[in-house]
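Listed below are the structures to be examined.
Okay, so subunit A shows up in both of these, paired with subunit B first and subunit C after.
Up next is the complex of A and B:
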């Protein structure tokens, strides 16, 4: 009980700082994920329509994700320096794969008969994508975005290493000062944030499922 | 009119359509049928260019289909596909109104048409407009599929095994409905199936295909009566005609050599002829085999007189049928007039044969009871 009280008073003492750091954390994550969606979804659509590219694009995204995140951060510094810019790029690159992959899988798995019906009724490629493929694939695409966003919240803690702020700052400072309260003060809000993002996006996933497909 | 001129299609090294020549008339329902892999679906899909021919020409109303924009072409041709062709994320109304939407019809015109079509397929618009396909039974879904194909009132409709996934009862219902709709609207319909019963029931003409070629293209009646030897005969089923009694004709079941006599015969001679052949009636004919009437053993006994001749006793003005008449009409005639014999004579009145109750029972018994 005493430990908990201590922890709570620690948080209250630093509530201003905590709020700023959480704000930064959300900001970094949000920007990176939004860019990842803006690039990943069109890329997924592209490789569905130009199948030849799919191996290369997914392979590249796979390789990016396989690279140790710390090393990637290191590579960013000579190119983009330190601060929020390289952090956002790093988080963005990691978020890309699930979005591209799910977009591709979702679109490719739309039943062949649906495509034929659409085509046979005189839809153009664009109309087929907009009126048939995307609505039917949307739940799967949202699933990819959800995975990306939750992973990104965790990854953003690394951003503190190159001076971009966020909740990671408390964690690293806690580690170097051997201060568990500080580590926890950074880790718990980051966890809550990740769970919250997961929850909100799961609601959105349901909301975008076409009415006719809901069970 | 849809015309295939020497159309060929290769998928890789295999030639699936080997020089198809086919002419489908306006307002006609043509069924393409054959075993799987015969090229029937490929042929269908070449009409709306979902599949492009490797060589040859396809004309729709004398326009070269390959020179039209495929998008425009498809919007002007109704298309009903197998099983779930409806979009699950769109309501019934949106599904039916899809081609009108693609053609940018104003909303009120679209809604009006959608309602009309729902009425046409006997689904009250108020109950169904806003439902989703998943809430409908298979039969209802395919009704919507048919309605959707009719949305912009196209002249040509393509149907690719539309009823194959339905249970037999629903299938029969939808076939009947399609038949009635076609009676009313008189579209040019190309219908692919592998079900011979369906083909016979719906087709104005039936095109039997195998290995990318047309084997026989004819009316159901001619196919049943004169199937080409070999594959067509086996494919249709040799005795299939007996399942379609309206196609069975008098000449198929009549006795070809009825016992006959000329009017000059004496009654004694007539009795002798009857008992010699084991019959109880005589067809009375002139020297040129022209049918004059019938004399039964009963008539002769009633008016028995050794000196009398047949022309004093036989019944004139008897009912007769033509060799080409349908057996159904003959059965009706026999039942209505309560007669046991009907002579068969051609246009000139020449006696060709005879149908009796016992000959009917014998022939039908052989066919249906094996």
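Up next is the complex of A and C:
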């Protein structure tokens, strides 16, 4: 229990710093994921409608995902400098793939008979997308967003290396000082944040599931 | 609830980590003992100078003692990590700075006199960990508060104390380590009584380009870094004499010195061979000219007829 007490007093001692860093962490993650949603979902819709593009777009997103995140961060420095901007771009690029892919899969897998029914009612292509395909695909899309967001929380710890702050800063400071209290003080809030994000998004995933599809 | 369950699992895992890691430290034992050949593991931290000086040691031993197998463990994340690795037996030798040993490892008070500081560090390392500090290499890689030359001119900055005039304007870029060390920002702030607007800890290698690009307007540079003249940066004198002397000194585990006869004499040949200017030049060859640290080290050793 001594360890726990020490840890708690460390947290209290550093609470201001911890709060600032947590705030920065949430800020970086949130902006990046929101941009990823704003770009990823429309891209996913686009490649469902223009199938020719799908191979290229998904391939590109795949390649981005495959690049080591640290290297990506390094590439950003000459272009965007240091601080939050390059970090957000890096997290954004990593968050794209699950969102694009899930949007594409969700939309493509909508039951053919549903589409036929829509067409039979005289829906236009846009209406069909808005009123049939998207609502039915929404749970799958939300699943993609959930994966992206949880990964992004972890990824944001890297941002500290280029001066963007966030909880990674405590982790790296802790590593360079061989101070486990400090590492843990950065790691635990990041873990809690990831779990919290996962939990909130899982609720939203349930909420957006159309009544007919709920179990 | 699932969330609460996950949360409690997380906390249990984290607590396990704390209690486990508390006693173990680094666990990257080298694959030694497999052959009976003598082996010397040389460590170093993440920045250019450390790569060069560890290469100096490594290349010198490789060239002069072909029967000793040299293993390099460079890129360790800071003085504390090197120290844990030394005391755990993960590395046998490294180049450490007097001030780092004195204040960060031994937690002693500041000693300005380099010879006295050296003696204190040397004696304590011998008594506590059976690590021998050899002859200093010659240069003093102290921390230096640095701003751009034109910024210094515009605001009339000469000494570190002058930073008080512009404290509310200064965003200081520094290494992760500097933001925590007693001989880093926390101590500096107290000694000078200056509270800078903001500090931005980052990887130490990118501090220089970040001040060059105006993302920060001051950095805690390493005095022997070749980018200080190259990027038109101005060192602000440490007028309150806060930073201890950071002469670089090779340190080796005493059992290794016994195991490999002549090793001590060999490394000591590097003693007083590199002054501040020379080290700055060597650093610039890597950071500015893009040479490899091992090439720079080899070239230096050849020029000085050491190999």
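In the analysis below, the second predicted complex is superposed on the first by the 215 of 215 C-alpha atoms of A that agree within 3 Å, B and C clash if a C-alpha of one lies under 4 Å from a C-alpha of the other, contacts with A are read in each partner's own complex, and residues count from 1 in each chain.
Here is the rule we use: a residue touches a chain if its C-beta (ideal position, glycine included) is under 8 Å from a C-beta of that chain, and two chains touch if they have at least 3 such contacts.
Just so you know, these numbers come straight off a predicted model, no measurement behind them.
Asks: Identify which of subunit B and subunit C touches the larger number of residues of subunit A.
Replies: So, of the two partners, C touches more residues of subunit A.
Asks: Quick check for you: in the superposed arrangement, does A:123 touch first (subunit B), second (subunit C), both or neither?
Replies: After superposition on chain A, A:123 lies in contact with subunit B alone.
Asks: Please work out whether A:162 is in contact with subunit B alone, subunit C alone, both, or neither, and reply first, second, both or neither.
Replies: Touch partner of A:162: subunit C, not subunit B.
Asks: Considering only the touch criterion stated at the top, classify A:207 as touching first (subunit B), second (subunit C), both, or neither.
Replies: neither
Asks: Once the two structures are fitted together, what part of subunit A is touched by subunit B and by subunit C alike?
Replies: none
Asks: Name, in rising order, each residue of subunit C that touches subunit A in their complex.
Replies: Residues 2-3, 6-7, 10-11, 14-15, 17-19, 21-22, 25, 77-78, 80-81, 83-84, 173, 175-177, 179-181, 200-203, 206, 209-210, 213, 215-216.
Asks: Which of the residues in subunit A end up touching subunit C in this complex?
Replies: Its residues touching subunit C are 3-4, 7, 77, 81-83, 160-163, 165, 169, 172-173, 175-182, 184, 187-188, 191-192, 195-196, 198-199, 202.
Asks: Tell me, which parts of subunit B touch subunit A in their complex?
Replies: Touch residues, subunit B against subunit A: 45, 48, 50, 71-76, 79, 81-91, 98-99, 102, 132-134, 148, 158.
Asks: Within the complex, which stretch of subunit A touches subunit B?
Replies: Contact set of subunit A toward subunit B: 111, 113-114, 116-124, 127, 131-132, 135-136, 210-213.
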